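Each chain gets a letter, A, B, C, D, E and F, in the order it is written, and its residues are counted from 1.
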C-alpha cells in the first residue's frame, strides 16, 4: 500500500522523458499506452499493469489503488496523462502510478501535449528520408532495375514511409524500415565504389531487401506479425513483389528479375539465418554484409545509449552474448 | 598397352547390362554416352574417357588405342555401340574399350537396340504414374486447393511426365520427380488418416512441394541446374508457380494461397536445410517428414541394391555417413 | 489479502473443468493434488502453493488465508475438494483458494466424485488399447520376433497398461506409453506397406522402442526418473529386456536379437539425440521417423488445443521454437 | 507484514552457518554483506535486499520493516550482525531479516566474530599453498622455463595468494586461483609420468595457464572483470606476462617463450572455447585436459555438496545440463 | 615397365623394416600380406596390389611384371618373402615389387624368419600386460565390483590378450585393447588419488569401458566390425556383458550394476560422441577424460613418430585437424 | 612415352602466360620453379614433377623423358626456361615438358626475361601502396594511436612491402598483405563516416589487424608458417607488437593499448574463427565485417576470373561451398 507519507513526497512537477526516468523521479507526464492489463497481485488484490511510451523509450507501470476508478479512464492505444513515481525493480525502472486518464486534447495541448512526442520513431523526419529514397531510386542506372524498384516503391509508399523494420531487435519503430534501407543503401553504394561492383543492383537490392516487411508486419501503433508474415516470411513476400512488378511492366528480362530476387533471397547470408539460397555474386555478398552490420550496429548503439551507471561496460546484451565497451568521452 | 594376347581373350558376345558388369565381363553392348572427354594419361598419351549408361546404371570407360580413329565416331548424348572388357579399379568396375561408334538405327535395331533401354528412368511407366496423379488431383476435396493444383499440373504436364527429381542423390532419372511426388502423396494420405490432418492440403502439398524443380533443373538426357535454379532454388520457384496459378484463377482466398505456399516453403523441415520458414501446421510437419523419409529410403535401397559381395553390410555411404545392413534373404 | 467484498462475489456453484477455467471462474470442484508446498510470500507471510489436476489439465493455486487450518487437511497425492476463484497472472490462469480438504468418499461421491475424473490419462480406454496391442503382437509373422515381443509385453503388462510415455513433453499421462506405441505401430505398419519393409520387425520395433520407459520412469500418480532411468536411460534398459527375453526363450537366433536391439538403439535417429548407433536398415529409418513425427504432432496438437484467444496463431512454443497456425474451422 | 505472533516465535539463538540454514532456522549471526539494494515490493513498499555470506556459502535476505532505520546501519562490503528467520522460496532458502547492523569489533569479537569466518576461501590455507607453489617452481628442471615462472610468480605474489579463479562457476573465492593451479599442476605432473611428457613445460604451463586472471579480474571482497579483462581476456594477458618476463631476463631462447605461450594460448582446448590456437604438443593436450577436468569436478563436487533432500540425484545443474548422482555413503 | 638397367641397380641385400623404408631402399624382406588385389593400371595392363606389414608398420606394393606367375604364389593372410625397390609417390613410400612368394618355414627360418616380427602389436608383451591386469583386478576393494570384473575378464581372457582396440585411429594392433585399458586404468588410479574418487569403480570402469570391443570387432590378422559390432556398438555390448556377469553371480546389488553400466555408457563423454547418457558421477567424468586423453595422445605420438624430414612440424593430421610440433631433442 | 610424331607437332614459339595456357598450347617460356620432385609413375618409371609460376598463375608440369639429364639443370626457387605442351587432365591444365633448365641471365634477358614477370604479386606497385600507407598513418588524428601505428609500420617496413597475406585462400602473393590492409582501411574509413565511429581506431585497426602475419609467415619466394606462426598465430603476435611498440614509446595510456589490442584480437569476429575475444565496440564490429568481406570478395573475384567455358556459373568453390554467377558482360 502506498502510505500517505510517501504520497506527500510527490510533487506535481512534470516527469522527465522516459529515457531519463530513474528511481525517485516523480510527477506527471503524457504517454502513449501500448499495453493495459488487469492483473492479480501475489496478495490477491487486483492492479493495473500498463506500458507507457514516449519517443525516448518505454516504461512499465503499476496502478495499485483505486483500480476500479481508473481502469475505465483509458484504453490501450490511447494517449494518456499519468502521474506517479519511478522505482528501480530488479535493475529496471518501473512506475508506481497514482492516477491515469486519457488525453483531453483541448485542455492538454495547452500543457504541451503533441501526439508525435509519444510515438517512437526514426531520428530523421520521414519526409526527408522519403525524398532521399526517391533520389536514390531515380539514380539507378540500369533501366530495367530502376523501373522495378520504382514500381514497388511507388506501390508501397504509404507503408514504406511509416513502417518499422522489426517487432523488436533493431529499427523497431515508426519509419525504422526506411531508416534502415537508406543506411544499408548508403553503405552499399560506398562499397560498390571500393569493389567495382554493379551499383544498380546493389542499390536496388539495398532498397528492396526488406521490402516484404511491409506485409510481413502489421503496424498501427504496435507491431505484430501478419498471417502471411508468419507463414511465408518477408524474404518470400519480397520476391513475390518483384515478380508482380516485373509482370506489371511486362518486358523485363528474366535474368534481371532473377538477379534482383537472388539479392533478396540471399541477404541473410546463410541458410541457417533463413536465406534459402546463399550469395552467389559480389553484390549479394556485399548486401548481406551491409545488412548484417547495420542491424548489429543499431543494437550496439541502442544498448550503449540505454545503459547507465559509471561502469566502463554496459550490462550483458543477451542477444549479442557479451557486454559492450562504452565509447569514452560520450 | 593392350597386348594381342589379351585381345584374343575377348569373345564377341553381348555384354550383360551395366548393373551386372564385373571384372572379366567382355563383349559388346548398346549404351547412351553421357560424357566424352579427350584426356592425357600419366604416360603422356591421349585417351578417350567416356561414361556409358543403360537403364540399370552407369559405367566409366577408357579407350586407349586408335583414339584418333574413334574420337569422331560419336558424340556425347548419342546412343553408341561399344566393345571391350570390364575391370575392377579401386573397387569400381570400369570398361577398357576396344571400339565405340554411334548407333546405326536400321542395322542395330535388328540386334535389339531400343532407345528406352539406355535411358535411366523410374521403374513405373510414366503414363501410369501420370494417370495416378490425375486421379489424386481430382480427388482433392477443397475446391480452391484443387483448382490451384490442377492449374499447375496441367501447365507443366510435359515436364512433370519426364523430369528427374534431382541431379544426383535420389530419383535422379527420367520421371523420377513424378515417382517421388506420388510416393510422398501416398505416405501423406495415409498419415492424414492416422492423424486426422487436412487431406486436401496434404495431398496438394505432396504434389507441389518439389514442383519448382521443373524450372530449377534443365533436363535433356543429362540433368543440370538452370540459371534460376541456382539463383532462386526450387522452393522459391514453386511458390511463384502457386502465386501465378492463383492470380490466373482470380478468386482464390489469400489464406489458401498462403497455406499452400507455406507447405512448399517449409518442406525441408529446417532453415538449415534450406526452408526459409519452418513447419507451423500439422500438415507441414507431416509433409516434411514424408519427403525426408522418401528421399532417405530411396538412397538406402539404391545403395543396398548396388552393393555386391558376401558381406552382411554395404560399403560406407558417405552421404548417410554409415554402412547399411543388407536385408537378409534378398 | 482477500477482502470481504470480493468473497461476497464468490457463488458456491461448481467450477468448470480445469481446461475451461478463466479469470472470473469461481466455485468449488474436485481435484487430484499433485504438489503441495508451504511458501513465504514477498510480504513475509506464509501461504500454501498447490497444483490441482483433473483429466482436462492442471492449475496452480494459492491459499493465502487460514493457512494453519488448511495445511493439514490434505496431502499431496490425495484427491481434494477445493473452493476459490480463478485469476489470470502473467497470462496464466491460477486459482486463489478459499478452502481445501481431502475427499470424504462417502459424502463426496454423492456430489459426483469419481477418481478417474481427476487423473490425466490417454483419451482411449486402457483395456481397448491393451486388446489392440494383443492383436498387433499376435499378428507378427516372424515367429522369433513375435515370441520376444510376447514375452516382454506379458512380463510388463501391469506397467504397460498404465505407464506414461514421459515426465513432460508428450504423452505424459496415464497409459500415454501404450497410446504412443500403438500410434507409432499404426504408422509403421502403413509405411511398411508403402516401402515393402519387413513388417514383423517394424511392428515389433514400434511396440518395443520405448519399452525401457517402464523402468526408466517411476509412476504412481506423479512421474519421475528412477535411479536406473537416470544412469542408463530407456534405450539401454529396453535392450536389456530384449536380451533377457531372448535368454529366457533360449533358442532365438542372435541375428534376430541384434536386429531388434538395433531398432531400439537407433530409434532416436542420431547420436546427438541419444541413439548410440544410427539407423542401418530401412526398418530403423522408418521407425525413427514415425516416432519423431508422433511425438512432434502430439506437442503440436496439445499446444494448439491449449491456446485461447482470437489470434490465428498460438503463443510461442519454446520447445519447437515457433508459433503454430491454428487449424481454421476448429 | 510480519505479524507479532510470528516474531514471538524467533528465539534469539545463534543461526547455523549459511550452508545449514533451512526453512525454520531463526536467530542471529555474523556475515559479510556482499550486496545491498533498496527495492520496491510488489505492494509498493520499499524493502532492503541484501546478500549475506560466510565461508560456507551465501544467502539472500529481505528486511521489510523499519527500512529507514536500518538502511544506514551498514554498507556493502562490511561485516554485519543480522537477525531473522529463514524461509524456503521457490526451493531456495532466503532470510527474512528483523535487524541488521555493521560489526562493532570490540563488542562482537567477544561473541566469537572473526573476519576470516565470513570470507569464502579455498579450503587449504594460502600460506601452505604458496609454499607448495614455491617448491613446485623450484623443482622445474629446465632452467629457462623455471626462470620465467619464477619471475612471474614473484612479481604477482600478492595477487596470486588471494585471487579467485573466476567470478562464478568454479574456484570463485579467495585463493581459488592458487588452489586451482596447484591441483592442475598435481594432475599434470602425474600424467607427465604416465606419458613421458616434458614435466618442466607441463608444470610451468599448469602454473601459468590462468595467470592472466590476476589482471583479468578485479578482486576486493567481490570479484568483477577489469577493463583489460573484458577487452583482452586472461589468455592474452597471460601471454603478455610471459613476454615481459622473458624480455626482463634478456636471454631466454625464443623457442622456450613460444612453447610456454602456446601452452597458455591453447589451454581451453578448442577455438570454440576461446583458445586462438589449439594444442600442438603432447604437453598442451595434457594441460588442456587437466584444466577442463579440474574445473568440471569442482562444479560437480560443489553441486553435490550443496544439494539437500533424500533424493539419490541432485537438482538439475544448468551449466552441465544434467542431474548428478550423489555419492553413496556421504 | 621396369627397365633392365633399373633392375641391375637392385642389390639383393635385406630391406630395412617398414618404418625405415625410403625412396631408394631395395632388397628383400619377410612380411605379413594383409591385402592382395589384381588391378588394372591406367595403361590397361593388370598388376598386383598388395599391402605388406611388419611390426613397425605397413607399406603398399605393386608388382607390375610376371603378374601371372606370382599371383598364385601367396594369399592374403600369409607370411611372404618379397623383393623390390621403394619409391616415394605423392609423399608416401611405396614398393615396386620384383617377386613375392609365401614363406617356406624350414628354409626361411634359417634366414631369420619369425612370425611375431611381422604382426603389429603393442610394445609391451601380452603376458606382462595380462599379469598387470590380474593384479589390478585383484586390487579392487569393493567386492561386488571386483567379482563382476573378474567374471568378465576371465570369460574373455583369450580375446583380451590379443584384441586390438580399434580398426584404425589408435591402438589398432595385436593386444592394443589390453595396452589401452591398462594405460587408462593407470591414469584413473592416479586421478582417483588426486580427487578422492571411488577407486574401485574407477579402476573397474577403466578395465571394462571398451570390453565390448572383443565382440564389436572380428580379429584374426586383420580387424573388422562384426554384425553385432555394427548394429549395437561396443558400448551396448559391454553393458550386456556386465548384466550377464551380474546375473551369473546372482547376488550383486542393482545399484552396483547400474553404476558400472553407467561408467561404460557414458565413457564417450557426450551423446554426440555416441554415449547415450552423459557422466553423472565424478568417476564417470574422470574415466571419460582419461579415455579421451589416452586415445588422443596415442594418435599424437604415432603421428610424430611417423613423420620424417627436417621440419619442426609434422604433416597435417586430418583427424586432429592440425599440424603437430615435434618434440625437440627427440 | 612421348612419340616422335607428337614432338614434331611442337613448334618452338613462345608459350602464352600461365593464365592463358590451354590444351594444345605448346612452345617455351620463362617461369619461377616453386616445386620440384622426383616421382615414380604408375608404370614404375621415374619422372620430374614441377610447379611453374608466372605473374598470372601457376601450372603443374611433368618431364617424362631424359629425367636424369634435366634433373640437375635447375633447383626449386630458381627461374627456369621450360619447353613443352599443355594438356587438360581431370579438367586442369598441366604441362608435359620436353626440357627445362635454369635461366642464363645474360643470354635470356635478350629474349625478354625479367624476374618480376614470374613472381605473383599484388596488382598495384608496392611503392605506390607503401606511400598510401604512409599517408593513411599520418592522417590518424589520435596522437597515441598514430604513434603506435607509426612505430610498428616503420619497424616492419621491409616485410610489409612484400609480404603475402596468406599461404593460400586470399592475397597469397607478393605485397598481398599491403594490398589487403589498404583495402580494409579504405572500407573502414568509409564506414566510420556512415556510422560516426572513431576513425583513428578504425584505420589503425585496419592497418594492424593482420600485422602479426609478417612473423606468422615465412616468405622468400614461397610462403609457409613459421614456428611462432604455428604455435601462436598472427593475432597473438600482432598484440605482442602493439605491446612492444607501446613499451618503446613509454607514455601511451593503457586504455589506448587495450583498445588497439582488442581490435586485433576480435577481428575474426567469433571465437569459432579464432578470435579469443569477440567485438565489444562499434569499431571492432566494423573492422571484423570489413576484413571478412574483403577476404571473401577476393576469393569470389579470383574464382570468377579463373573460370573458363561458356557456362553462366563457375565451377563449385569448395571453400565457399557453392558455385558463383559470372558477372554478365565480362
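Note that in this section a residue touches a chain if its C-beta (ideal position, glycine included) is under 8 Å from a C-beta of that chain, and two chains touch if they have at least 3 such contacts.
Nothing here was measured: the structure is a model prediction, and the numbers come from that model.
Participant: Once the contact rule is applied, which chains count as partners of both subunit B and subunit F?
Facilitator: Of all the chains present, those in contact with both subunit B and subunit F are A, E.
Participant: For subunit A, which other chain has the most distant CA centre?
Facilitator: Centroid comparison gives E as the farthest chain from subunit A.
Participant: Please identify the chain with the largest separation between its CA centroid and the CA centroid of subunit C.
Facilitator: In terms of C-alpha centroids, the chain at the greatest distance from subunit C is F.
Participant: What angle of turn lays subunit D on top of subunit E when you fit their CA atoms, given in steps of 5 degrees?
Facilitator: Going from subunit D to subunit E via C-alpha fit gives 180 degrees.
Participant: Report the inter-chain centroid distance for subunit A and subunit F in whole angstrom, where each centroid is the mean of the CA atoms.
Facilitator: Spacing between the chain centres: roughly 44 Å.
Participant: If you average the CA atoms of subunit A and of subunit E, how far apart do the two points sit, in angstrom?
Facilitator: 62
Participant: Averaged over CA atoms, how far is the centre of subunit C from the centre of subunit D? Could you give it in whole Å?
Facilitator: Measuring from centre to centre gives 42 Å for this pair.
Participant: Could you work out how far the Cα centre of subunit C sits from that of subunit F, in whole Å?
Facilitator: Whole-Å distance between the two chain centres: 62.
Participant: Specify, in ascending order, the residues of subunit C that touch 2 or more different other chains.
Facilitator: Residue numbers touching two or more other chains: 42-43, 227, 230-231, 255, 259, 262, 280, 313, 323, 325.
Participant: Considering every pair of chains, which are in touch?
Facilitator: In this structure, the chains touch in these pairs: A-B, A-C, A-D, A-F, B-C, B-E, B-F, C-D, C-E, D-E, D-F, E-F.
Participant: Provide the residue numbers of subunit F that touch subunit A in the complex, in ascending order.
Facilitator: 183, 186-187, 190-191, 194-195, 198, 255, 259, 262, 278, 280-282, 285-286, 289, 292-293, 296-297, 300-301, 313, 321-325, 327-328
Participant: Show me the residue ranges of subunit C that touch subunit A in the complex, using the header's touch definition.
Facilitator: For this pair, the touching residues of subunit C are 1-3, 6, 41-43, 62, 64, 87-90, 94, 96, 312-313, 323, 325.
Participant: Across the complex, what residues on subunit E touch subunit B?
Facilitator: 38-40, 42-46, 225, 227, 230-231
Participant: Which positions of subunit A touch subunit B when the two form their complex?
Facilitator: Within the complex, subunit A contacts subunit B at residues 227-228, 230-233, 235-236, 239-240, 243, 254-255, 258-259, 261-262, 265, 271-277, 280.
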